[in-house]
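The structure appears right after this line, and notes come after that.
Going by the order they are written in, the chains are A, B, C and D; count residues from 1 in each one.
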Amino acid sequence: MVDLQVNLGGLVLKNPVTTASGTFGFGEEYAAFVDLNRLGAVTVKGLTLEPREGNPAPRVAETPAGMLNAIGLQNPGIYRFIREYLPSLVTDGVPVIVNINGYSVEEYGLLAAICEATAGVAALEVNISCPNVRQGGMQFGLSPQSAAAVTQEVRRHTRKPVIVKLSPNVTDITEIARAVTAAGADAVSLINTLLGMAIDVGSRRPVLANVFGGLSGPAVKPVALRMVYQVYQAVKVPILGMGGIYTAGDAVEFMMAGATAVAVGTANFANPRATLDILEGMAGFCLQEGITGISELTGAAH
Amino acid sequence: MVDLQVNLGGLVLKNPVTTASGTFGFGEEYAAFVDLNRLGAVTVKGLTLEPREGNPAPRVAETPAGMLNAIGLQNPGIYRFIREYLPSLVTDGVPVIVNINGYSVEEYGLLAAICEATAGVAALEVNISCPNVRQGGMQFGLSPQSAAAVTQEVRRHTRKPVIVKLSPNVTDITEIARAVTAAGADAVSLINTLLGMAIDVGSRRPVLANVFGGLSGPAVKPVALRMVYQVYQAVKVPILGMGGIYTAGDAVEFMMAGATAVAVGTANFANPRATLDILEGMAGFCLQEGITGISELTGAAH
Amino acid sequence: MKTPLLLTAAPVIEHEQLKPDVYRLVLAAPSIARQALPGQFIQVRVNNLAEPLLPRPFSLARISADQGTITLLYRIVGRGTRLLAGVPTGQTVQLWGPLGQGWALPAAGGILSRQRAGWPYPPDRAVMPVYVAGGMGIAPLLPLAVEWYRQGQPGLLLYGVRSGDQLALLGQWEELGVKVRIATEDGSVGIRGTVIDLLAATCLTGRHPVIYACGPWPLLKAIHQIARGNYWPCQVSLEERMACGVGACLGCVCRGKIPQVDPIAEPVPWRHVRVCREGPVFWSDEVVWDG
Amino acid sequence: MKTPLLLTAAPVIEHEQLKPDVYRLVLAAPSIARQALPGQFIQVRVNNLAEPLLPRPFSLARISADQGTITLLYRIVGRGTRLLAGVPTGQTVQLWGPLGQGWALPAAGGILSRQRAGWPYPPDRAVMPVYVAGGMGIAPLLPLAVEWYRQGQPGLLLYGVRSGDQLALLGQWEELGVKVRIATEDGSVGIRGTVIDLLAATCLTGRHPVIYACGPWPLLKAIHQIARGNYWPCQVSLEERMACGVGACLGCVCRGKIPQVDPIAEPVPWRHVRVCREGPVFWSDEVVWDG
């Protein structure tokens, strides 16, 4: 048997396969296809303090081997999430990572305090990289100073594992990774989406109502993998790798580049069972290669 | 009939379809498939002062809807280019854009002076964005200061149209575009490749001998299009748009996002007649939409 | 989840080209055929290459629980449908569903497939279903007509297409005893005009109609307005760009005037509701049609 | 361009599964069949979706100018070859070629298909072709054997495969009168071992051999070393990851000790040469085998 357990900055996962925020709803949407309890963790849709309606439609567009989205953080707000969605997830027995999104440094702190006080929250993923909201969001992720400020504020309010989610839309991601690590992050997750757009030549208008959107899916994998590889060399904290993971082989690539665990995002849309297919494929790869502990893969390509 | 002529910063092209540097060799490689004289211009492989052997193999890897390359600027040097390759291209009657790559600001100036003195060179494309060479190359394209310094030096040595080629691997491409425009660029071309990588899980090693490589092809199109759209709003000079153009519809998207002309790169590998197929498709689109001058498309999505 | 969702590799049983760009595809998917309600849809993928990446949503145009098959009726629009059209009999496609909320029917003696909003007439009142289809909007209406037929009420179909040569499978409607009226843009069959003109010209006084409409947004909006002006209850099946199809990505929203769910929150004029989950069928006055 | 390159949509004439993972594909491509020389290759694309994006290079395993067909022999390796294997007879694939430099043959009475390096024996000297193939490396050797057969010299094939059940199409070689010796890794047919062992054990003294080898790099390197130790002229057909296949992208290089082309430049120990253009066939001592 292969030991699949990994430790993501203090969060012990029974296996390295988790879900990417915003692509797996609050878990229940995929519960018909996936026994949630078999996953390493479920990361829920990005939450804000207040409920938000997000951007107008169209919000998604398919692109070559990828997709653009501009959801704009539609969510019921953290309180309704805790009341209405969290309990059943906790019952499912899977660790829940809550993805938090503030509109100010203080709001991030407040969200962290709420998570700290909520028993069912296993860890926090601090999204400083959402490209689809006008204030806040990605702006924090684009400079080491603001990224560190958000991290520090979150750290001040919680002892739970803090995973800071980095934006790929920067000149040097290692600089941001170093800043958030120094500010107290237990782990980093990368990548969020690449900023992109599409145009409808018939109407001569951008396809997305929001004009720009975030690019995800297999198309971005080479960029994501490169960033994981770079960040692995730059910081000591574990990495939650994501961006275009579509097959078990992709997930193994991410681990070898330096990820301790991986998140499956857009692939869920193409195959609702993607998480489990990938998990099974990774275990199979280890067996075939005579690997007894999956964490041996982490950083193997360096 | 549709008027296909466009003006790219003083370089008048009979139509907006050109070739992306490094994907079309020195023209002759595709001459069996494409009547070069039907193209708006041919941009040749990146040239340096001295001949260079580039990086070891493997140099290319396929990725979802794209590819990675780490050629590392293998080229015969500008002098041998002028002696051995340029004359036949000039005979073909197609304007030749020379892509120059210096290892120092001074070297860029020297390359520009050589181009200025060479009759067959229609315009210079200043590559400050190659991700595949260790010194120089992309480094210049990552900060507004160094990008401007290179541009200024090139400008000092030539009155021919200067097109500065920008790197997409930056936090804010408009900042770089503004800097090179202020320093005297007649046009900007974008995007060069996104830095990426791939890992061979069997050998646990990066696929490319150079570890990192540049991602190109349809996968990157949404990012390229977004950057063209942003740069169009930021600067007044014309844009040579590229990055994942694969169909005539893609090329029209780039024009609507703000490009005055387009370059076809990786698509040539998938279809050696891609340039002409795209040109014909663009002309067809104009006819169908009742557009009499193709330059009307430029910026139409704003 | 009320109805279990199924993910299956479904063999192609029949694949027929009805018109140059319209196909009829019969798939073996017994458990989906058993579960599905009229108005629900499925997500389909032809292969597992990364391009095209996303599944394509299609309505169930026939649900045969006994034969264990479902039928799709689709038009070639882009690369996804073009790829689908090339799948030969015997090969399988990936599909999952049944997805979304189907059409509302009276609960008594039948099914009320949508929980949210009640039936507008007393349960024992005989009502007349009026099906309004624009183009491929015909697809999700046939299984509904089958259901109404079982309840003894064949009703009326108003069907608008560009030209008479686009009409297909009308025999199936006639078999159900549905009265069919056609509008074509070029006047080649039926009245010249759109299905909006047909509806406007139809007198339904005293018939207790329920309008079931599917087609492009502007068409549905116009139908909603006519229905509202006449106090006819009206349901619409919406289309929106989708990624997941199961409610997870929030990609497919429209503005819905849905009943207040959160007693603590401020009342809001509308919410973004998911077409794939709260829809694709809505009562037309639940939808914010402007803006 | 010396030989014109052609881009064509070639119909599949025959498509046969020889082994679980090995296929034989006959394509109608008259003008390519007319031009192509043994050892050249073509680029193939199955459809024009953006994924897989790049064409796949395949050697010409048979060139029938009269029938206007070319034959590929390929093994399923990944998604490109898997996709290719699914193309039915009658459908077309995109292809372009013939590409690269083929095998060198003596000029007199035949063809010397490679310009760069001359023939190592006097033109009238009777030489013996020795074909050395590892696995799928057999593919580009058959058309060469046909050419030598026409010149009255059938020669000798040394063929190494993993196991005897991988052997295919040996009949074609025997028809040409080629003497065939087999090595299998599991010893199921011929000698147990590799084709390197076969070559090392073959006595060619006084036969004026020319070695033609194709297979994986380590194999070719070992063959080169044996050939060099025996002063046998040796040609190899190399494989490298390619994008364009026509010499434009510089993706497919190896280190070549090619003759100095630039009189002004400093002499260099090696140059990066393009496998798709200066190759895929090289004289083995033109190649830098280490590092």
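Going forward, a contact is a pair of C-beta atoms (placed from the backbone, for glycine too) under 8 Å apart; a residue touches a chain by one contact, two chains touch by 3 or more.
These numbers were taken from a predicted model, which means no experiment stands behind them.
*Asks:* Which chain lies the greatest distance away from subunit A when centres are computed from Cα atoms alone?
*Replies:* Chain centre farthest from subunit A's centre: D.
*Asks:* Taking the mean of the CA coordinates per chain, how far is subunit A from subunit C in Å?
*Replies:* Whole-Å distance between the two chain centres: 35.
*Asks:* Suppose each chain is reduced to the average of its Cα coordinates; what separation in Å results between subunit A and subunit D?
*Replies:* Roughly 47 Å, centre to centre.
*Asks:* Quick one: which residues in subunit B touch 2 or more of the other chains?
*Replies:* If we look for residues of subunit B contacting two or more partner chains, we find 64-66, 217-219, 246.
*Asks:* Going through subunit D residue by residue, note those that touch at least 2 other chains and give them in order.
*Replies:* Those would be 50-52.
*Asks:* Among line, ring, star, complete and other, which one matches the pattern of chain touches?
*Replies:* complete
*Asks:* Give every residue of subunit C touching subunit D within the complex, in rising order.
*Replies:* These residues of subunit C touch subunit D: 49-52, 79.
*Asks:* Sort out for me which residues of subunit C touch subunit A in the complex.
*Replies:* Going by the criterion above, the answer is residues 1, 4-7, 45, 48, 50-55, 94, 96, 240-254, 262, 265, 268, 271-272, 277.
*Asks:* Which residues of subunit A touch subunit C in the complex?
*Replies:* 22-25, 28-33, 45, 51, 53-54, 57-62, 64-67, 69, 71, 74, 76, 80, 217-219, 246, 266, 268-273
*Asks:* Would you tell me which residues of subunit D are touching subunit A in their complex?
*Replies:* 50-51
*Asks:* For the complex, which residues does subunit A have touching subunit B?
*Replies:* That would be residues 63-66, 68, 142, 169-171, 194-199, 201, 204-206, 211-213, 215, 217-223, 225-226, 229, 244, 246, 249, 252-253, 256-257, 285, 300-301 of subunit A.
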